[in-house]
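Per-chain numbering from 1; labels A, B, C and D assigned in written order.
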């Protein structure tokens, strides 16, 4: 009986202790933010969206290779000899036209692995988190700043140059082959001559 | 309605599906319960709803480092601890030296993550038993830890912060003061939690003598972490098989005492977690004192890791228990096989052993007290 | 005819307005206790129109009836539940000038009518043809039947002291301000055993109106939603309405029996019918607030513990208390 | 506390040389390769012998060796009483991948073995509930085999993204 009274008392005591805690919170301040009106300030290094400073990109493809989910899609075209693409702010010479630099943020898993290999520090995370879209394709960010005509032109030029190079190489190959053939012919001739000579000499004996 | 006649009692039994969409299965877990009235005669857990092929991914990656973000996603509540286990496994296998400063930062981060994970586990446990407010109070504290993490790593939940033999980036200058401030403000909250929930009589009545796990069964099922310690076994890998620099710190291993019920019941498992948070605070304080202010956060190692042939099993103490990585390497750039031995997986398998004969409401308490994360169960 | 309609309309208006305010209020209270703000958007100041918006949404929702449900009972249960709590308001004296029906057996009628709630809960649970609903319905049947016993025993204690079953008479005899010289003549201050009776009564009404820590029939973390699992839209809103009405009804009953009903705590100061209504509602709402406060603090009991508390503690205690009160009345 | 070499010597005295081989990779832990037929008796001995006392099975993993056309099962054991660790390994041909179950010795092997069966297709003889665990029961193939190709359709639903 006494034990039951004691137990009941302890139960009530623990309930009142708990209620004391909650009523203190009742009169305490709120810890939440009213989101669209108040926004949380993200710290400087927050990883919320990928950004590419395309002027600094040299098209080395290291970030795309580092990505575990393959969300970075890069297409480069070698610059022709007549154009100088300049240098990045870090001093690396640029040798490629970036005809495509797409990042699919719907696939991205914000792991930061692409940021570290970049030799010019041109790909990095920015603390910008409000970019939801109704259509998934809008989450593919196109960072390449080349106009489509420019892309075509660049490609054509590169193709031409490549063709020219190819032709030159073919030419060279042909020349080489001709020279080689000539040489061989000459050698053969020589050999033949020598052979006939020898024959003659032999025959003369 | 599926009804079966029990062979033992001759009563009509009812088969009921708890989950995969149920408020207190902590994710997509399906428990097939056979009920005699409200008493459970059989439990069959069904898992696999969250299977995301972690092990296959790990084999398919062309780099050991690319697996790290996937380890985060196994136990998304304690991502740092998952990374810690994986990088330690690789460092041990490749015999890499880790800089001093890195070790200290890793320990601080891992212990903060342990507190964050326990806060969620305890809060969700209370929520299962109907106490809503403690959950949100604890969540507030967890948010503070996540704020610290965001400032350091840039992410709030899935960090990818540990790299092989280093860290992805250095901590910011205010890291020490921020963490010390958190430790200071957090201590009184544990007392408040004890007032509000731990020693509440209703809570004790709900959790004491429920789901008792005897020591012998615990070992046979390879239980670990708070579940094993709740049964009164002083076993903590940070002390018994020290990794990283845990041997330098002074802390206790809290174990279940059975002070309100039987040794190894739900309340003991719960209380072990509460006490562990205090111990983690102690470790953090010591680590903050010992942490060198200057130093490299990345050891000089080759950019791409190529292991020789061999295999290793490394286990670390994650908030949920023994997290093991069994890694087999061949000469290629990717692991030949990575198996994650997830503590939640093991603990869930002992659920049928400790829940026979209890009520549905107890089932909820038991699932909450072993604190599973379905992401880790299914991997 | 018109008089009857007016008599019927007054409690209905009170219930509806109260339900809208209480649902909003509960969310605000929950918010403040949990360091949040609760609803803040609809209607401007602290989201006061949130309940109205919710009501409009619920009205527009599709009325889903499960294929294998017992259609008639499924549809009928929510209305029956609401009708039961609404009918009980007839004998509540809202003010010295207004009571729905001045019958001599007011308390008896109230307790009888609220028993219908149990039936409707079982009806809803069984008709849904869902295992969770069935478990919820069965739990609630057991719970409500059991907890009616201590409720009735404590009400009986009050009736014993007051000497009347008419709630108006009970209230009237609590007028005045001369207990120990300064306290109001409320029954709770009349007799130490009535304090015990009030505690038992309060615990029992928590269980009767399915509030934490006794909210087992609809405990969402175990039984998903209990007997409400399959309900949606307007029918679900009826359950909600009935539940809040029940909460108010039992709180008002408590205020009438123990806290002097519509009597002002300051004697004649701020007296009169209009102030009487104000005091009465204030007392009732304070009890409702305490119920909400408890809800957002405590975990819930298990079903067997619930029964244990009722049959092994509350019922014996309430009857012993009844006997002791009777002795006290004889002696003093 | 015994080293793996000592444990191997200890086991060799008990079971002879035929059933056991001590192996080690270039890096990492050594292991004992056990004959599939004797894994159960070796396990039981390891658990119960006073010098061994391996009371927990930390991890059990299934492996596929495509070059040798073999499947493997790896047992990582630990003794909390004597604080010693050992790794056992069993290798079986892929067309006859039967390994005796150790579920009766360490209960934790129950789910681990089911997972190994699910993922690489090792069958465990004497397992009380030998079913898939993570994948649905009627799934085809074992995903962690190196030559695994996912089925095109599962119950009429495409498995492609």
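Heads up, the rule we're going with is that a residue touches a chain if its C-beta (ideal position, glycine included) is under 8 Å from a C-beta of that chain, and two chains touch if they have at least 3 such contacts.
Remember, predicted model here, so these are calculated numbers, not experimental data.
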What is the minimum number of touch steps required to go from chain B to chain D?
1
Touching both chain C and chain D: give me those chains, sorted by label.
B
Maximum distance between Cα centroids and chain D occurs for chain C
Can you work out the whole-Å distance between the CA centroids of chain A and chain D?
41
So what's the Cα centroid distance for chain A and chain B, whole Å?
35
Take the average of all CA coordinates in chain B, do the same for chain C, and state the distance between these two points in whole angstrom.
43
As a quick test, compute the distance in whole Å between the mean CA positions of chain A and chain C.
65
Of all residues in chain A, the ones touching two or more other chains:
15, 18, 21-22, 25, 31
Residues of chain B that contact two or more other chains, please.
133, 137, 140, 196-197, 200, 202
Among the residues of chain D, which are close enough to touch at least two other chains?
none
Considering only which chains touch which, label the overall pattern as line, ring, star, complete or other.
other
Every touching pair of chains is listed here as A-B, A-C, B-C, B-D
Chain A-touching residues of chain C, taken from the complex the two chains share
29, 31-37, 40, 293-294, 296-298, 313
Looking at the complex, which residues from chain C come into contact with chain B?
30, 33-36, 129, 131-132, 135, 212-213, 215-216, 219-224, 296-305
Hey, which residues of chain B end up touching chain C in the complex?
1, 14, 16, 22-24, 38, 126-133, 136-137, 140, 196-197, 200, 202-203, 205-206, 359-362, 364
What residues of chain A sit close enough to touch chain C in their complex?
4, 8, 15, 18-19, 21-23, 25-32, 34
Partner chain A, residues of chain B touching it in the complex:
61, 63, 65-66, 68-70, 133, 137, 140, 143, 150-151, 153-155, 158, 160, 168-169, 172, 192, 195-197, 199-202, 303
